[in-house]
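So, here come the structures, one by one.
You will see two complexes here that share chain A, one where it goes with chain B and one where it goes with chain C.
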Partner chain A sequence: MAKTKETAKEGGFGDNIRMDGLATKLMGIAGGIGVIGLGASFGLGYTSDKSQFMHSYLTAYAWILSIGLGALWWVVLQHLVNAKWSTVVRRVGELLASTMPVLALLSLPIVIPALMGDSTLYIWADSQKMHADHLLHKKAAFLNRDFFVVRLVIYFVFWGVLSRYLLSKSVEQDKTGAPEIRSKLQGLCAPSMILLALTLTFAAIDFVMTLEPKWYSTIFGVYYFAGAVVSFHSFFALALMWLQKNGRLAKSVTSEHYHDIGKMMFAFTAFWAYIAFSQFMLIWYANIPEETEWYHVRAHGAWGTVSYLMVAVNFLIPFFGLLSRHVKRNRMALGFWAVWILVVHWLDMFWLVKPHMHTEHLPFSILDVTCTVGMLGLFIAAAAFASQKVNLVPIKDPRLEKSLAFENF
Partner chain B sequence: MAMAQSPFDLAPQGENAFARITHNVARVAEVSKPPRGWYIAFGIALSLLSVFGVSIGWLFWQGIGIFGNMNPVFWAMPIVNFVFWVGIGHAGTLISAILYLLRQNWRTAINRFAEAMTIFAVICAGIFPGLHVGRPWLPYWMFPLPNQMSMWPQFRSPLEWDVFAVGTYFTVSTLFWYMGMIPDFGTFRDRSTTKVRKMVYGLLAMGWRGSSRQWHRYERAYLILAALATPLVLSVHSVVSFDFATAQLPGWHATIFPPYFVAGAIFGGFAMVVTLAVPARQFFGLKRIITVGHLELMAKIILATGMMVGYAYSMEFFIAWYGGNDYEMFTFFNRALGPYAWSYWCMIFCNVVSPQVFWSKKMRTNPWVILGVGVLVNIGMWFERFVIVITSLSRDFLPSSWGYYKPTFWDFSLLAGSFGLFFTLFLLFCRYLPMVAMAEVKAFHPSAHGHGDEHH
Partner chain C sequence: MSHHDDDLHGLLAEYETPSALVAACKKVRDAGYAKWDTFTPFPIHGIEKAMGIRMTGLPWIVLAAALVGLASAVGLQWWTNAVDYKFISSGKPMWSIPANVPVYFELTVLFSAFAALFGMLILNNLPQPSHPLDHLQAFGRVTDDRFFLYIEKGDAKFDLAETQRLLDGTHPVTVDAVNEDRRTSDQLPKPLVLTAAVIAVLALVPFAFIAKARATKTDKPKIHAMGDMDWQIKFQAQQPNPLFQDGMAMRAPEPGTVALDEHPDDEHLTAGKVDGQFVRTFPAGFKVDEATMARGKERYEIFCAPCHGMSGNGDGPVAQRAMTLAEGTWVPPTALGQDYLRQMAVGQLYDVVTNGVRNMPAYGSQLAVDDRWAVVLYLRALQKAKAAPVGELTDAERAALK
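Then we have the complex of A and B:
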């Protein structure tokens, strides 16, 4: 195989691995859509219904954050287990993970109102309401504004520094070819994985679970994680398809890589269902009022319909859809399921967040579209910004040749 | 190499690696006398097995009053032992199914005896529910058999789901194990020097000829079985965790229980694999097949799954505090500071602290350190189930009914006896069956792909 693929020497990679003008173009278009989308959301939100805006914004934010965190987790995992199949596509994952500063900024419209004592989303932001209720009063040690901000700063600094460092070391290897960077990053990623597990869990608790401050579930972090992984892989597959369509990585990324990404989409679709079922079944079976309350809302009326729908669209349909290897190796088919998963994962976030706003009907709004599209635009623009001056492939990674040559059996 | 004198470690002359692998593995079953260590181990195992027999006999004669179970601890050591053994039985299927799907070819050196260990552990586990129900003439009631009394098991009980989950797991892992051995049985048959051996291994090999069509079918079947077995790795211990988590008892009812139990099971299972692998490679001269590299990888898996278990412990503790439920909070403080604190800290030390030595490369490449940690983790995982079952039950909602459970001699003798059954089966397996998947090891041996070509 090494003979057919040119070895990487001073840019002579035998494939187009630079974004060049495409990055600027993408930044312009995606950034433009992002600014318009979010601008429209702010405009609509502050002139009409604040509660609608805040909940739509949080839904979209939980969705986009999960994709970014999924990317960071994936890159850390590849280093940690010294994965070889993924080397050729790892840079794209690193670029998607490097969006952390933008994701931090995007959290401000959630954080600032909470800091100012606005309890539209989080009751605990209002200390008077907290002290009026015995149970909430007991929980004020965790649920208060100051500690919330301290935690968020810790999460975003850690994610930002880690993603930045992983990208810059990998890019450094492109220039120096130093093979010891591989083992150095592997060593770094072991403790990072532990911190990532904890920060991701607590971020999920802080942003989503504390909407209902009396409700709790020990599995909640794992639930959010499962959704993050499945939606990241879907986004990843689409990003690679788009790059290939635009002549980047056209020869390096093969059906074998899509096949493996598809396997992860399939496996984590099942894993998500396993976690979702575990959480639901245990709460339903034990039937303790303070826990079942959360599902009670989601089991009746319009929300009940959504819950039943999710069993089909988040699990049964994509599970059987992704079962065949032919689907995973076919770009059209895999692309279809990737879009499907991103949509249903958004529905999952909607299902987590929105019953807090309306228990009776489904508060769909144009704001859901503008917020989601706006954040997606800025997310893509941030990744495009990071991609400007780097190769799309870690050309001097010692594992690259294996990644280019591997085949599924 | 001090052990090079062992008759089992003598490699045949010449360069042929495949012949060396066959020789090293097949010799264990072919020599007229196994090494002395095997006899000593087998003697101990048999003595423990007779302890098991006597204990079960006394239990059936006398009834379950011989257990230490008391009000309010009605579930005690038999359940602890059941969950402990089912947990041990997870590494085998993880290695043969999930690691296969993840293309972890190093698993070929250890998958065979990890699978054997799985099956024996599930056999040990299966005995305890039968003992615990206290009516040894009625355990068939656990199965949904049509009968004239119209008596059916309680399908809504997770204990009944266990019957199906464990039964399915046992069936599939036995099939997987046996199917994987067929090519190696063929090798044993072809090397047989006596009529009896030829007969027995010939029957077991089911007419295996090693033709390319047979290999093709075999590979397809292996892939399909791996895909079918993968959800089973998660389902069995999830269902076992439901036994506790569906209840309302503080310390039992936590939504994280299913993945937490699965991670713990893999953790404990791998600890048992290294506990068996280190002595086995020493006794039978398999150090060139089960290398230090393999042990190191298993040490890493033990460290990783140990961290997952640590994550679950922390989440439980955090939510007990965050949730604001007085009973939940009491239970967790009671675990750490109450009368059973010794068992809790024993669990934390063995499961969370001891694997941390594997951060050091020097430690995780030392077989004896790995063995030591493996034993500690086995102890810790037994105590984990003890902590869950006993501490939660002994102090529940009503302080007036609190109690302190003490196991009796017979509780311990049944536990020790189950190890006798496990090791007896395992040692017989080592002596008479292909302990390493020879055909699979060869498939990934560098010389199977020509010189210098490293991929796959």
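Then we have the complex of A and C:
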């Protein structure tokens, strides 16, 4: 078997696990698309309809942030449960999670207008409007600009530091081979998981739920989390397929690993539906006006059509599509469902955000495409940037052997 | 080892390591045997491939059971709620999808789980109370540190000398001939049968009580299974309460209290009277339009229809059930299309809705003022529909009646 020079450099791992030139190429292409996409969005947005731009931007941002948070959650989970199947693919997850600084920067076009008192998205950014309404006045202690910034800083610092630390410790182990790093990270990931649950929940509330500050749902964070996990696994599967197509990890990642990723996609498709329905049914049954208002908008007219469509495309169709193990083990089939899920999860974000802009019709716009593609480009470029000088496999992780030999029964 | 051929049940090979067993499995598999199995102290990766075990059909059984469970749940909920025992509850539809999804979910999961468990047991020929290997001293190490491969005599390819040679060639520690189990009785153990019989009889007892309760009458009060719920530690409306000076549990609002949207000065609106006389007109500002009529219809169907019926004929489901039970004390609800009710002032109809009359309870606490007037409006529409003069019909309507 012909060995490439990279494998020789890594002590003969037996597979190509360095990005090398591919990272630079990917950064150039994805970064270029990202800059053009976002540039076009800003151009179109500030010369035309501000509300359209803001809502399209937030839709795309909620989508890309969910993939990044899904990645971070996944890495924390692997350490927490001492997972063995995933060791060979964990580094790719760590790289996807290390995009947090870029995700923080991408939030600025949402945060800065809010700070300047612009209430296009968030009515709470305008303190006069807040105090003119009795109910909102009571909520102003939480929903105000200063506290919003404090919360965002806490979220992004925590996510950024955690993802950076998990990656750097894992890379350190590549060099030293220190086995105690495993147990150390496992210990760290227990409290981190709790903090991640809290920060993710509150971020979902801050970015999306406070669009309509009179409405509340205690399960909202879990709903966003379910979408984050299912779309991260879809993105993850596609990223691995792309790497393998480009000769990276070609031998190390097998149908067994895709099978497990597919199981997570399947399980969290069902979980998403479970949570989505739980939220809906409790509000539907109790029929309290301040809660039903949110669904009322989404149950009528064009939005009603989208809601019914969501039941089919986000649950029924992918549920039966991903049910068979043969689908999960087939890269073409799994790839198809991964793309499907990423698209319908975007529709889910659209369904969460856009009724705030128009309750009657569906405000699709070219800005939806440019914002989404732009952020996706920068997200990929950020992951490629982090991948430049590291192995794509944690080569000295004590669990690696089991992961490489892993088989599903 | 000597034995009679008739007594032989199979050949058992013993190995020291998992890898030796896996290697042996491949040879036996390639030799084309079908009735054979392996026994190990722990699961061994890859052994199902070495044994040539095919993909199980269990997932299809589970999927079928899941769909049957889903269909059963839909059928159950639809039949009980919308067909067999219709009951209007807070005006909710008899049959709605969202309210029943938890049942669909539960039954789908329950049927799937049972199918997975029992399907697995049946496909594996389990439970198997005894096996010839049970009596073999050496086989005890299967739970400890030895790995076994067993080929049954019942296999079509089984030939004592040939199979012995095959197993000898797989580097076993030993190969033993295993005899038919002649010691274990075919009968179930007596204590087991006895216990099962006792449980079966006891399981019938609750049904016997239910049957007795359905077939006989009693004048004893009902059994209180949840005492804490039936007798709560709280003051009820008409009970005395020593905590207050006036000794009443039910508190009256402060004098002069006015509820939101209440208009205490407008007697026409709130009491349906002016100067003690029932009014014959709707209150000023009360809009007689499609929306009010629709609201009145909706409220009527929730609060009035259970007794008076959807068309006001006095034949609602409560009345029908009372007639079926034929209890004798039942006063049938009034048919609302009668002449004296058509002549009655709207103010008096409003008063009846508000305060009740004879057996009919008061609905003032459940219906807002505007809704009560809307109900009266709809009632007028129902009455009109029952006795509309031909002259008031349009040509099209008259044509339709012919």
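In this section, the second predicted complex is superposed on the first by the 398 of 409 C-alpha atoms of A that agree within 3 Å, B and C clash if a C-alpha of one lies under 4 Å from a C-alpha of the other, contacts with A are read in each partner's own complex, and residues count from 1 in each chain.
Going forward, contacts are C-beta pairs under 8 Å (C-beta built on N, C-alpha and C of every residue); 3 or more make two chains touch, one makes a residue touch a chain.
Everything quoted here is computed from the prediction, not taken from an experiment.
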On chain A, do chain B and chain C fit together or clash when superposed?
clash
Mind working out whether A:112 is in touch with chain B, chain C, both or neither, as first, second, both or neither?
neither
Could you look at A:219 and tell me whether it touches chain B, chain C, both or neither (first, second, both, neither)?
first
With both complexes superposed on chain A, which partner does A:285 reach: first (chain B), second (chain C), both or neither?
both
Is chain A touched at more residues by chain B or by chain C?
B
Is A:270 contacted by the first partner chain B, the second partner chain C, both or neither?
first
Intersected contact list for chain A, partners chain B and chain C 274, 281, 285, 405, 409
Complex interface listing, chain A residues touching chain B:
1, 85, 135, 138-139, 142, 190, 194, 197-198, 201, 214, 216-222, 263, 270, 274-275, 278-279, 281-283, 285-288, 290, 402, 405-406, 409
Would you pull the chain A residues touching chain C in the complex into a rising list?
274, 277, 280-281, 284-285, 323-325, 405, 407, 409
Residue positions on chain B within touch of chain A in the complex are 101, 103, 219, 231, 234, 238, 242, 245-248, 253-259, 307, 311-312, 315-316, 319, 322-325, 359, 454-455
For a test of understanding, state which residues of chain C touch chain A in their complex under the given definition.
45-46, 48, 59, 63, 98-99, 101-102, 105
